[in-house]
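One chain, subunit A, links the two complexes that follow: it is found with subunit B in the first and with subunit C in the second.
Moving on to the complex of A and B:
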């Protein structure tokens, strides 16, 4: 005898099967996300919350007791002239570095895309500073910027001895000099990313531009740049975050000097927190720093999203 | 999945991959949370210290010797530079993984002592008779409430290091007054030396030594003590006069056209090659200078910086660093034994002296062949010791924030953006905050046996 139940399909059957399939897919997705999520929770979110908690206290780093001061450390930040100077220096550093890497990186990548020979060699050469240890970069550029270093020697050789100076010793040139050094060490990444983006652009767009009579410059601005917008946003984001977090190259050369002209948030936080043992205040600087970078990153992403729309 | 359908590899793939991902996540988390130091049961004495290049040899040789003589324990030495040491030391000590023995800044170590991280060495001091060697005033610097917390490893002095051959060539005499000192630098500039006194402005800390010396010379031992332990202020007249004299040096161009562009290494290189005829530095440079200066080493002379306000010239001396034992160390007795071996054994003190470091306490200089520059430095200090002794480094007896102010202020002076009044006002403001928070030195007394 045939079971009627097995013969008559129910309306719930397909839907339920679909729900179960969907549920399994969701579970699978979460399981794949789990490693990254766990790492994020343990090594990013938890310490961040701990850092915020520390910023509400006054603590010298070793005492068994901590004094709760609430938001006093944040209030102190607003009145701290050096904090605002460090923030201003940081923003200028970011602007210089990002501008250099975006502009020079894009131009270099465009030139490389046209190269028929040696493209890989050039890519390797440009990428080499990216993989170099930042402390090595700092030491090399410190030598280059010395009064008797490479730059001044070159200027003297070509008859521009009047322009020689102690690049890291002048409060007006120290920060731009370090921004250039940091940009040099990172622009290879921008070149590689832009080159990959350019190679992904549909060739027919360039052909169409040629047919319309566009020259190289017009093609670059009308085809290449618009097509590279997603890549530009990614590069902008990466370079901006990296520039905000600059520490090694500054600490290894000028330590925020001369006269705080190269003081950035990371070095200032390090000095207040670790060197002077003001861990609570250092934590407040770090939290504020994090919020600033987060806001900048979110604005950048929103602008990208709007651009795509 | 329908009943009756055979499970194929394709059907199994997703669940298997998901299971692998979950297992991987769990393993990663466990690995991150588990510490394994591979304890083998061997006794190890971990030491952290960082000295000037060359100084390491005097101490490391002796440590190796002690290690060989004590076969039941193994010594591991980690050279930690002064920049890394404080930031790395604190989390290491508080986590329980720190060194058993370390050389640290005297002024920065009080917070560790107050937190109970440093071993009380009073019993070793009393049982081993360290008081016979360690002068009471130095012991007082590293003691509180009758307890000894550290052993100073050396005595450092500073002075004006100059090239004797240049002075001889130009017929220049050693100055004994401030006016003679500035006149000397005018003569050097007239002779074509555009940087009479090398100042490593980019690193800042060498410049603070000139400032320290000027303050000590103007205020004298009593003035310094009154400010450190009493009601004196960094804005009092002697400090003002000294700082104004320091600023005047920069305004006269004696530090050269671009002092902020020079690191300490670059300045010393120019001094050794005779490009710069004088620089202000201390005995800590001597062990490294023997190699770096080469043939020029014996051409280096030393004179004490005259007082900027006409006060007598004083000797200067500061303990280099203190050697501290971790209160939670399993080999604390061995660490204390090594300290005894290094700094209180007469033969080893001679070895340290010959290596260019001056150990604390009396040293039989006549019986030791010293590096020529060290001999000259000690002789110069001995000339003025009867006038009294001031700290060679103010930062050795003040909180770290004061040193930061001194470095920033010195650079500001070299940049022309900070004057004497502003520099001292900043330091005094910081000093008052640190005093309020109990971070300044108390006038201590030697340990009580």
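Moving on to the complex of A and C:
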């Protein structure tokens, strides 16, 4: 597996006697790094810092003047019922998605590890949704959830016609339905990561369990799960961070509705910022959103580094 | 059975289970049957939504109604034609190709250079650069889309391919630089030392000695950058508001408003968008899976 961030070197800089050569080396190194660094500084870091600045103003995005309001936008955020609703929805969305992919993903991966034939074909099939655009996921599932869509046709066929509904039109089912669609697109990645982890587990542990007379379920909980702990943590955080940023799939289907039941931070920020032209307030939402993602991501990087040592 | 997973095992000493017993006993056969039944149900969950869309793309209007879930027999190209011509998907397709290909070309220059610098050079400020890029990995695009929009507007780049391409490369740069760095770190240090002793300049060491050895890494970067820029919705949605420069995902988003219930057309657009990606994925599975497994958190 490619490591994203290997160890940061402990040596602080070139030693004194190397200083003269070090200067030239530093220059060469920065020439190599220049294209990436310049693009990153101008188009990612500067906007990120600008975002904090923006959140302290009231601005419609167009007018040449902007009014400095300090932390008023954050105060307003704190009292905004819709913001809390969006945050709650966002967390519920993450919880549903991650639970599905963790539980079903783990079971599927361990089933796959026992399957002797067709393992690669199954993996390919599970992974196909992962490479699909989020707009594809959104539109295909919106269609499946339609009143006349696949799910309702299926329910009618098996005699459960009473349960048919427009799944995305009902405030009670819209968010779980979208979480399932999003889980579908991340499921294959979880399976493949879990399977790689399971195949890395020392076989003798399974043999020992077998000798002790453990059945499949007992082996799963006594050997597979504890041995997979580091992999589970990484997958969990990866999926959590991805799910928390959900925007496309919601924007393309419900746009936060019905009655704000699928509003998440990204869609709420987009609405306030772009649709309503409240740049400052949108920025304050974005800052909050980013801080949450950053904290989760930093934790995941630390855990990943520790797992690889 | 040398390799039974798309991904190599985490610890490489995964010992395959012993030879399968020649004859399965009754109970084992039931277990095995259940195992494959379960896997097939989950596979159906993964593939049916895609098959539904891909097959509907080949049905004509009547078939969509009379035969919504069956195979498209006989296949009809009406919907694909409508999407391609009157739905302007040929234009969107071309715009998507231009934006994705240029993004890939830019990225396979930017990422190996940066990855090499980070992996093989000792320089002043290295730690700071690494930490800054690590933080950059985690910044969500949606969060910075407001200020990024104003930056693009100030540079006069809105409604041009450049805005989306630059954003694709800038936002992806830290991630792909770290991927390339990991590939460069695997190479033995003796290589470049030998080349340096021979008097090669740093850029020649990079170009003639090191770069040819990390070709698989460059391929992975190219594939993932293509996947990401091809599928991306929010950047072209915000930066490109003129119809003539729009990309496929944005075109599809508009489709939901324009033709709400025309599923033949919708399916055709799904097919047009996903076909290139699926072909590339089937050709280079391992690169995709390894790259995506390494921790992309970008939507």
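Here is the rule we use: the second predicted complex is superposed on the first by the 247 of 309 C-alpha atoms of A that agree within 3 Å, B and C clash if a C-alpha of one lies under 4 Å from a C-alpha of the other, contacts with A are read in each partner's own complex, and residues count from 1 in each chain.
We take it that a contact is a pair of C-beta atoms (placed from the backbone, for glycine too) under 8 Å apart; a residue touches a chain by one contact, two chains touch by 3 or more.
Bear in mind the structure is a predicted one, so any value in this text is a computation, not a measurement.
Peer 1: Which partner does A:258 contact after superposing on A: first (subunit B), second (subunit C), both, neither?
Peer 2: first
Peer 1: Please work out whether A:57 is in contact with subunit B alone, subunit C alone, both, or neither, and reply first, second, both or neither.
Peer 2: The answer is neither, since A:57 touches no partner chain.
Peer 1: Kindly classify A:283 by the partners it touches after superposition: subunit B alone (first), subunit C alone (second), both, or neither?
Peer 2: After superposition on chain A, A:283 lies in contact with subunit C alone.
Peer 1: Taking the superposition on A as described, I'd like to know which of subunit B and subunit C A:268 touches: first, second, both or neither.
Peer 2: Neither partner.
Peer 1: Please indicate which partner A:196 is in contact with in the superposed arrangement: first for subunit B, second for subunit C, both, or neither.
Peer 2: In the superposition, A:196 touches subunit C alone.
Peer 1: Of the two partner chains, subunit B (first) and subunit C (second), which one does A:28 touch, if any: first, second, both, or neither?
Peer 2: In the superposition, A:28 touches subunit B and subunit C alike.
Peer 1: Using the superposition on chain A described above, determine whether A:42 touches subunit B (first), subunit C (second), both, or neither.
Peer 2: both
Peer 1: Which chain, subunit B or subunit C, ends up touching more residues of subunit A in the combined arrangement?
Peer 2: On the superposition, C touches more of the residues of subunit A.
Peer 1: Kindly list the residues of subunit A that each of subunit B and subunit C touches, one partner per complex.
Peer 2: 28, 32, 35, 39, 42-43, 61, 142, 270, 274
Peer 1: Touching subunit B in the complex: which residues of subunit A?
Peer 2: 24, 27-28, 31-32, 34-35, 38-39, 42-43, 60-64, 142, 145-148, 165-171, 253-255, 257-260, 270-271, 274-277
Peer 1: Flag every residue of subunit C that touches subunit A in the complex, lowest number first.
Peer 2: Touching subunit A: residues 4-15, 17, 20, 31, 35-36, 38-39, 42-43, 45-50, 52-53, 68-69, 109-111, 113-114, 116-118, 121-127, 129-140, 142-151, 166-167, 169-171, 173-175, 177-179, 181-183, 185, 202, 206, 220, 227, 230-234, 238, 249, 252-253, 255-256, 263, 266, 269-270, 273-274, 277-278, 281-282, 285, 288-295, 297, 299 of subunit C.
Peer 1: Enumerate the contact residues on subunit B facing subunit A in the complex.
Peer 2: On the subunit B side, the touching residues are 14-15, 17-19, 21-22, 24-25, 28-29, 32-33, 86-87, 90, 93-94, 108, 111-112, 114-117, 201-202, 204, 258-263, 266, 399-401, 404, 407-408, 411-412, 414-415, 417-418.
Peer 1: Which of the residues in subunit A come into contact with subunit C in the complex?
Peer 2: Answer in residue numbers: 1-6, 8-9, 11-14, 22, 25-26, 28-30, 32-33, 35-37, 39-40, 42-48, 50-51, 54, 61, 104, 107-108, 111-112, 114-116, 118-120, 122-136, 139-144, 150, 153, 184, 187-189, 192-193, 195-197, 199-203, 216, 231, 234, 238, 241-242, 245-248, 251-252, 266, 269-270, 273-274, 279, 282-283, 286-287, 289-290, 293-294, 297-298, 300-301, 304.
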